[in-house]
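Just dropping this structure here.
For reference, chains read A, B and C in written order, and residue numbers begin at 1 within each chain.
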């Protein structure tokens, strides 16, 4: 409650231009999204002002666009596999960073986290060289491996944060009560990490769906959705892109809301049971 | 009253066979040393815990008391020395192979499990027969008076209730030894005293040895059969509360447990002298430090008044009252002696004292202690 | 307290992955950067030719400097937009949870699509130009909006402002509110409290946000391709063309490796600075 009091006081005494400025920043952040949605229903194929003629034409075009839907399916496959890969390696990486000391740990930490900050082009190119050297044909598999490599860093940071927040005494209590390491992992560590895991999975999933810099270099015959969009953007204005983006945006919003609900519920298990 | 499950431990043949000899201690800590990096935390600690004993490791923060507990629990391994339980080597075993259970400082209850499942945890992971579990959990919860909270989540319990659940969770496994890491430190003063009484009677009831860690000397005095005072990784003294208070071995012990006056004295021909004070002392000649508890100093008369004849052993001196702190039944009085020596005296409350008074103490109450000088 | 087996089980799989998919590829990148192309073939002839080319051909240096200028501008703008927003959310807003989500939401819209939306807005027949004509501010479309460094900076700022915002917001949220109260209690005005307490304590977040914005926009090649035109070409576009049509992987690798080194050096400087700023 002190939080509320504090806020009120600050609102009174702190500068008045700040809320207005915040509104402007939000406007800047949302302008392209609004344009995108509005022009997905625009009757003209170019984006003139004002928008003319409300139409669902672009959605109908989209519905019958098989190449686009193939790429959506490809992207979903890649994203699911990337989530599995990133979690399968990110979780042990987070555990290792949290509780194992070994020579070269600092280098390991930096290497794991590097793709998080490194421009995707470097990750993409270096992996391209690897696959070429290994004689692998570029395909959705190489893209998946690329996404996995780039996104393990995300899984690791998210899960590492979760582990740091986890009270170590929880695991000690479990061992103390006779559970071995494996039992402790399943019965205490994992349940306590479930929010971080779900969060990491959602984040990885969306990042993978949207990923283009790494995929750009590892693409084989079949396109992921961003690459499909890319190939069409290069050809010129296609409001169909607006339509598919609006759909994805709507889907993302729903995902956020679900995640938000999950988190609120996860934070207050007590009230939920009461 | 329903007999708690843990009481049947005494009749459990597997357990009694563990101890080879009735007189042998339950837990033997032998010359245990532990370092964290270059920092020594425990230096060659040796300590025994007897069957059914309530032993408290008392120490200030940084004394190594929690580390000692964690060595016994198995969360840390000693760098040297060994730990035995019922004659068998304990160090080297992972925590889950030790018949020791811990009550953690902030309880460490599993937030994702109900109270019942928290208590059942140890039984489940050790594959106790499924049919046996509800009965044992119920008995353990009854023992700590938490039966009606079985289906609650830990987050819905008060600190005191969580404390009870943590205790039940440890006891339900019928350990040979229970470790308690400052379990009462998170409770407020009133609840804390209440829990002390309960903890003590519970321990008596189940007859399991408790190794208890605290920094609170009053708590240690109230609960323990014996106190092991730890300081900078060394054992300062191990003794019963009474003995450690009345016969402190070192100046540190005397100061840590209760208040005291440390008198740095010169002994010559059976008389000890510190400034203007002199009292009879059987020790050989030389320098020595004595601990004189404030309650051993008694108020005489105001200076100038006639007093009754002194006993053989009584030392009488004059001091000004410098400060007086009201403490209910007794007052703590700070005395300034003629030579600048300051003493604390605890005297029955009797209104404000002013000016100079006569005080007296018996030389026998001065306990010679080891001093680091 | 964890057994040897446990430690091995958690450390070995990620170590193996990192070795196979990060270390080896970087090593390949390193190796390639010392090879060269002869007659459309990469030959494993070790030499420094690529680096010599990189540092002597003014074209590459110019593009590199332009990239850094663009990235620097994006960073400055992202901080200018992101910091006040983060401050407003953290200290003045009663609906911070909701507003926080509102900052995140644009990140869920595809990068490409947002870049494309800016193209729709800035194009000569685009939303902005037609709007300006509609309200009679201008009579002919402003041609210089699209296909310019300006368009690239604007788009990248839009994309990376949330990245700058997030760590700043996190660091502001971590400032104990008691410190602010203590400062006011000691007689500091809100402005002084901000300058002397809040700003210094949020600097690690600013640094992290700036690093994200700078590094990610420095390496960007899609926005320049879509909106940059010839004058908006950035260093990664050069790399892309070297790996594509120009077919000179070794030279591309040399540029990439230089970027990698630049980023790693920058990161370690930032890390050191952050440690200094975070007061234990």
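Here is the rule we use: a contact is a pair of C-beta atoms (placed from the backbone, for glycine too) under 8 Å apart; a residue touches a chain by one contact, two chains touch by 3 or more.
Note that this is a predicted model, so its numbers are computed, not measured.
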- Ranked by contact pairs, first place goes to A-C
- Query: Which chain has the mean of its C-alpha atoms lying nearest to the mean of all protein C-alpha atoms shown?
  - Reply: A
- Task: Specify the chain most distant from subunit B by Cα centroid.
- Result: C
- Query: In whole angstrom, what separates the CA-based centres of subunit B and subunit C?
  - Reply: 58
- When the centre of a chain is set as the mean of its C-alpha atoms, what distance in Å lies between subunit A and subunit C? 17
- Where the CA atoms of subunit A average out and where those of subunit B average out, how many Å apart are those spots? 54
- Item | Multi-chain contact residues (two or more partners), subunit A | 172, 175, 181
- Query: Of all residues in subunit B, which are in touch with two or more distinct other chains?
  - Reply: 74-75, 94-95
- Item | Of all residues in subunit C, the ones touching two or more other chains | 1, 3
- Given the complex with subunit A, which residues does subunit B contribute to the contact? 73-75, 94-96, 100-102, 104-106, 108-112, 121-122, 125-126, 152-153, 155-156, 169-170, 173
- Note on the structure: Counting only contacts in the complex, subunit C reaches subunit A at residues 1-3, 5-7, 9-11, 13-15, 17-18, 21-26, 28-29, 32, 81-82, 84-85, 87-89, 91-94, 99, 101-106, 108-114, 116-118, 120-121, 123, 125-128, 130-131, 134, 158, 161-162, 177, 180-181, 190, 211-212, 215-216, 218-222, 226, 236, 239-240, 243, 249, 252-253, 256, 259-260, 263-264, 267
- Task: Could you pull out which subunit A residues touch subunit B in their complex?
- Result: 167, 169-170, 172-181, 183, 187-188, 191-192, 269-270, 273-274
- Message: Which stretch or stretches of subunit A touch subunit C in the complex?
- Response: 2-4, 6-7, 10-11, 13-14, 18-19, 21-22, 25-26, 28-33, 35-36, 39, 46-50, 88-90, 92-93, 95-96, 99-100, 102, 108, 111-112, 114-115, 117-122, 125-130, 133, 145, 148-149, 152, 156, 172, 175, 181, 206, 209-210, 212-213, 216-217, 225-226, 229-230, 233, 237, 241-242, 245, 248-249, 252-253, 255-256, 260
